[in-house]
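Think of it as A, B, C and D in the order they're written, each chain with its own count starting at 1.
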Amino acid sequence: MPVTSLPAVDPVCAMSPRSAIMRHYSRIRAHSLTLAAPLSAEDQCVQSMPDASPTKWHLAHTTWFFEAIVLGPHSHRYTPYDTRYFYLFNSYYETLGPRHPRPQRGLLTRPTLPEIHAYRQHVDAAMQHFIENCGNDMWANSGPLVMLGLHHEQQHQELLLTDILHALSCNPLWPAYQPIPGTDLLSRSRAAPEPVPELKWLETPGGIVPIGHDAESEPGFAFDNESPRHDVLLAPYRLANRLVTCGEYANFIADGGYREPRLWLSEGWAAVQAGGWQAPAYWVDSEAGGAAEQDWHVFGLHGLLPMNNADPVCQLSFYEAAAYAEWSGARLPTEFEWEAAVRRPGVEQAMGYAWQWTRSSYDPYPGFRAQKGAIGEYNGKFMVGQLVLRGSSCATPAGHARVTYRNFFPPPARWQFSGLRLAKDLGC
Amino acid sequence: MPVTSLPAVDPVCAMSPRSAIMRHYSRIRAHSLTLAAPLSAEDQCVQSMPDASPTKWHLAHTTWFFEAIVLGPHSHRYTPYDTRYFYLFNSYYETLGPRHPRPQRGLLTRPTLPEIHAYRQHVDAAMQHFIENCGNDMWANSGPLVMLGLHHEQQHQELLLTDILHALSCNPLWPAYQPIPGTDLLSRSRAAPEPVPELKWLETPGGIVPIGHDAESEPGFAFDNESPRHDVLLAPYRLANRLVTCGEYANFIADGGYREPRLWLSEGWAAVQAGGWQAPAYWVDSEAGGAAEQDWHVFGLHGLLPMNNADPVCQLSFYEAAAYAEWSGARLPTEFEWEAAVRRPGVEQAMGYAWQWTRSSYDPYPGFRAQKGAIGEYNGKFMVGQLVLRGSSCATPAGHARVTYRNFFPPPARWQFSGLRLAKDLGC
Amino acid sequence: MPVTSLPAVDPVCAMSPRSAIMRHYSRIRAHSLTLAAPLSAEDQCVQSMPDASPTKWHLAHTTWFFEAIVLGPHSHRYTPYDTRYFYLFNSYYETLGPRHPRPQRGLLTRPTLPEIHAYRQHVDAAMQHFIENCGNDMWANSGPLVMLGLHHEQQHQELLLTDILHALSCNPLWPAYQPIPGTDLLSRSRAAPEPVPELKWLETPGGIVPIGHDAESEPGFAFDNESPRHDVLLAPYRLANRLVTCGEYANFIADGGYREPRLWLSEGWAAVQAGGWQAPAYWVDSEAGGAAEQDWHVFGLHGLLPMNNADPVCQLSFYEAAAYAEWSGARLPTEFEWEAAVRRPGVEQAMGYAWQWTRSSYDPYPGFRAQKGAIGEYNGKFMVGQLVLRGSSCATPAGHARVTYRNFFPPPARWQFSGLRLAKDLGC
Amino acid sequence: MPVTSLPAVDPVCAMSPRSAIMRHYSRIRAHSLTLAAPLSAEDQCVQSMPDASPTKWHLAHTTWFFEAIVLGPHSHRYTPYDTRYFYLFNSYYETLGPRHPRPQRGLLTRPTLPEIHAYRQHVDAAMQHFIENCGNDMWANSGPLVMLGLHHEQQHQELLLTDILHALSCNPLWPAYQPIPGTDLLSRSRAAPEPVPELKWLETPGGIVPIGHDAESEPGFAFDNESPRHDVLLAPYRLANRLVTCGEYANFIADGGYREPRLWLSEGWAAVQAGGWQAPAYWVDSEAGGAAEQDWHVFGLHGLLPMNNADPVCQLSFYEAAAYAEWSGARLPTEFEWEAAVRRPGVEQAMGYAWQWTRSSYDPYPGFRAQKGAIGEYNGKFMVGQLVLRGSSCATPAGHARVTYRNFFPPPARWQFSGLRLAKDLGC
């Protein structure tokens, strides 16, 4: 099952000594276990909806990735830990054979968590041997795949957090992933509430702007969907310097935002009615059915806490982000407007707070072609029916995101740390 | 939340010293934990379909029953372990307030398993104090409820096994609940395969026969659905002395039984087609798609083992039992025919092998009235759309069943230890 | 595709001259067209739910029955009108080959209504020739099938009315099948409202009673599910002399009957909640959301009319009938109690008002065996998951029903003219 | 229910005498009836899936549009034909009140077809009076709405054809909308098969190109979603001079295109598997299950006819169009590439053959803002989850489409006359 060579999209890999790569590998792999540590074996097994995966599955699948993409095709001496895992922990790679049905991942009480830990150790030992000892030609081909595997694991680190948060949100006891004091598992601590920056509209002149990752000028890893770099013509526009806050969003709710169809896209209004949406996914009104005033609490990784007005709103679907923008008399930026503005000074909260829905469908960049083989399935085959989110969130591992990063989710998705930043045409 | 008094359906309780009841209580409660012991915390949390419940939930719900039916209404000094558990672990008692949705029981990773163990200990301690110390008047009212709770727990002990077996059957690794050597958790050991008895047709004369539990002549516990005892007029009939075997059922399959609509009830044929049924629920053909001969294995509590021709077939739906009977030129007995024949000599495998589908819908006995209050919801409200099964299975706790016992499941249910025994009209 | 001989269940047929049979045939066939006459081609094409069929389909299927059961197997000279109709208009006879999916009957805009009329004429002409000219031996075999076909057509005449009533009930314009003046299409005219009889409880002694059709003593047609006649042992009981009225049922609603789970079977309560049931299927509260008093209107074949207190309530599911009985402190009779009582004097409204739900599941009578071949599929294969209704309704063709007739529907069915009569144990 | 004024997007209207507008109105309104004429009342009532509407509903809804958008708000003397029609025939305008559920349009056997014809005549008479007699100020506001109503009706004329074709395709008799000889109802006659043009790749230089409707330089009607005209920067590319043919698509099928997941977008592959897709929606293999060679027939408005190799393939979903492009080593053009190329010479089959899926999601143009009031719901609220199709089809009314026209459908939609044209990057 050979995987054809990956274009050298990762100069860091090419330039770094293998010992540095190995340290990087160990650090990132260890972080996954750190994130899982506060969770019991039961917590790590549960799957609360087909879109989410169990913690244990994330731990195993990221390991499978190194086995299926690096070790299997490139290491002749590698002995699989358990060949049945090829089937159990493949996510969606048609090229790599059949796989366990996604909605049934939560039924896999076996292998047990200790067995998954042993699987990780087995693969890590083999990876260490491979990284340290494989020939240079082999490394030229497989080194970029190792880096891809690490970025892949970082993506799953964020999903691990959003998926377990969804599972915990289904529990009427509102259990916390982590009590407040130890906030070090998130990239940004919530302990010290920050003042909300004043809202400013940053004017951007438009014109022809470069979009996408440029391997020449921006050494470092990027996913294939960020390429090719290409020019886009933009009209002048204004972008908000910061994200929309919970306090602002509460005003939208109080103003009847969830009851006024004119603010919503047609699909969005249907979702509001079918799902009985009245607030972001994890907002709870402690006065519901009672007093006139709403008293919002927000469920997060630290449990159910009183809403903080200054926090960026998140756990929004694209529909809600678009309806809020409509209500506020503004609009969502395109992903091109976002990227062009963020390359300029003045934009705050670009990274590390909340993914920002854009008004751009997740289409291929001009000249994009999926790579051959399994890794070609990584991004390209999802390029329909989804919207682009830019930036990164409080749950994104440190150092994972960048200004050209294109995250994507279907428009009704609400279980991510997804918020919004407003834009306006210049004349508005 | 008072529960009105239960008619003294349990003379055992009335006649036994409290210390004996207390020993009985401890023994039955401990058995639930013994059954759960081979399972990891992950295993005990999973729910593989809405009809099944997690092991942990069974452990908690049976405890809730004592809290909600005995301690809460009758013990003034009782302090609940956690009042939120009233909501989490109520199964279907509308009288006792709202409850966690059944299909979401598997999402309850919290309370954790150790917390459930602590909950059991808390209630057991309170129950011990109550049993040993409550006044005699109180005991006259509540003693029968204690006995009901223990029989209730025994029902859940069987469900615990059938539910976890279903969950394990969804795992492509076919994990065993318990390796063969230790077979003591089941009421009948599988270790020593028994020879299959020769099939004989026992002639029964019919006439007016008494049906149902008679508190006078049969002291001991019985559920309300086994009363009132009443007379039924039967035509003469013949009943098979033993259950249908796996080997016999394999002949039905090999003869095209699952492909011939004429053998099936209309709903049954629809189920065959919609579910792609080709064999009992846990039968696996190791030669599927390959050789001409089928090579059946059967998944059970000891794992995936080669089919034993002499074993009673089980994990059948009512539809399959009825189609087999049609194919064999016989029919299913009514529950009255079953009970009348089992009271006579000659019937083998009546108890402890497999529940036996009857041709009787689960209707109320003449004169049956549900009791007032929560315990009135125990049986009566399910008396539509279900079929009666008689006998008991290898997973039924020792001493739980009796000749008047009426088990019931909807006709498509396949995850129980449910098989069949044939009957014929006298002239056939 | 020969159909094996039908036991001579129809002495009428054996004893009547062929010319009388032919007149009977013509009269019943013409009545179907009379019932369809008030409907436009559009009305006759629509299917409002999978359980209901278009008028046009009823007209074609009843014709197909004579073609597939009588002419095809027995008449060598018969030329089918269009062989594709074998597929289009088979309802559920697996023995007779594949068939058009039931939920898609409403998509058959072709053949057009005039084509269906031509199909009927073609088959009627062939049937006339067959009845008048076939040999006596042939007639001995096929005459009973002709009678079966006519009783089959009468069943569909009632379904034609209940199905089109459901379709019209889905139209916000509430169109009437037939304005009030011409009421002759129903077996009972509604024009002259009758006084509601005083409620009396008829005492019946119980004992051994004969149940089912007896070909010896009751010459005339009966379906196979009414046989064999057999003895049933009944305890003494009381039966209401008349049906429950709309006025009485409105009291149940006003008393919160649809909001009190304790009154309902478990499946019934689930249906109430899932369907948002608040009244019988075609009851409309003109004051809904407004005034305190409910102002019921009832949609029927004559359109939306003010509720008449004295009318028997109908369009009830079994669940509603059972809940009403529970609320009223009584119960539903078994089908045996119904039949035994109706054979005695004093029972009013037994026939021609509303089918009466009984507390009996639709199980086979002792000794029942389905016949061989296609007609064996007529009744036996539905004997699970349904409840028996006795009597007949205002939509039942005159002369169709009898005291041993067993109608059956699944417990949630609400689109029939189905009501209830109460029973009580003797001591209650 | 006032509708705020429409910007004068229709200079034709402004410049034309009212008598010319009135002739235009009459001609377009009459054409709808002409299209419905071959269909029986039954045909015109049926709804074969929620996405499709009955012919009769199209006839009524287009009439409702004039009533709700023009006459109701602007004509004081107008008396509605039946106020209940406001509810029945509103399609999706939240601004204009509640409406009949879309999936139940096929249940509306009443109003009958003659009543709908009378409704059309009533509104046409009122429209004639309004067009000929309203004041000039009123006309300045409402004239553009009249033109919008006519373009709206033309859109429904195409849907009328595609929807009835879907309904007829569900009938196992494969009835033809119109026998071949009379082909005048389609914009292009199929009678004379045309030779397929040789495939050429037209090189286009890219650069900054104007996209969208320009009211200044292109007088005439356009929908709001075609504006504002704006500049887009394109890389050089090549566009096929003609559409993909049925013969070419049959090669894709024969090469296993529907069995190779690597060719498909992830959602597309899921649709292939869930729907059992093996060919375009209306392709029928007369040799299915039999001979080795496939013998394709294609169901269309003229019935089931042998596939013509040279015909443009249509009834494709976006997924199939994209998979075909991938298989052929090319790609779909963006809507901007399509528009820029079609403005240049050399492009054949741009209009009147089949709508052409582009690789562009249906996003708003920069600066697009939905209009206020009901007409603002016309296009903007659907701008998510859909793909743009360009050109027009054989079912598009003559004169309706234009080079800036943006049609849109969800990616799985297959019941339109939707095909594809290939594109390539310049270096490929």
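Following the convention adopted for this analysis, contacts are C-beta pairs under 8 Å (C-beta built on N, C-alpha and C of every residue); 3 or more make two chains touch, one makes a residue touch a chain.
The chain list, named the UniProt way, goes like this: A, B, C, D = Ergothioneine biosynthesis protein EgtB.
Every value quoted in this text rests on a predicted model; they were computed, and no experiment measured them.
Chemist: Trace the shortest chain of touching neighbours from subunit B to subunit D and give its length in steps.
Modeler: The fewest touching-chain steps linking subunit B to subunit D number 2.
Chemist: Roughly how many whole angstrom separate the Cα centroids of subunit B and subunit C?
Modeler: Roughly 37 Å separates the two chain centres.
Chemist: Report the inter-centroid distance (CA atoms only) between subunit C and subunit D in whole Å.
Modeler: One centre to the other, that is 46 Å.
Chemist: Would you mind listing the residues of subunit D that make contact with two or more other chains?
Modeler: none
Chemist: Which pairs of chains touch each other?
Modeler: Result for touching pairs of chains: A-B, A-D, B-C, C-D.
Chemist: For the complex, give me every residue of subunit A touching subunit B.
Modeler: 40-46, 48, 56, 84, 87-88, 100, 104, 106-113, 167-168, 170-173, 175
Chemist: Please name which positions on subunit C make contact with subunit B in the complex.
Modeler: Against subunit B, subunit C makes touches at 92, 94-95, 208, 230-235, 261-262, 264-269, 318-319, 322, 359-361, 363-364, 366-367, 376-377, 381-385, 387, 411, 425.
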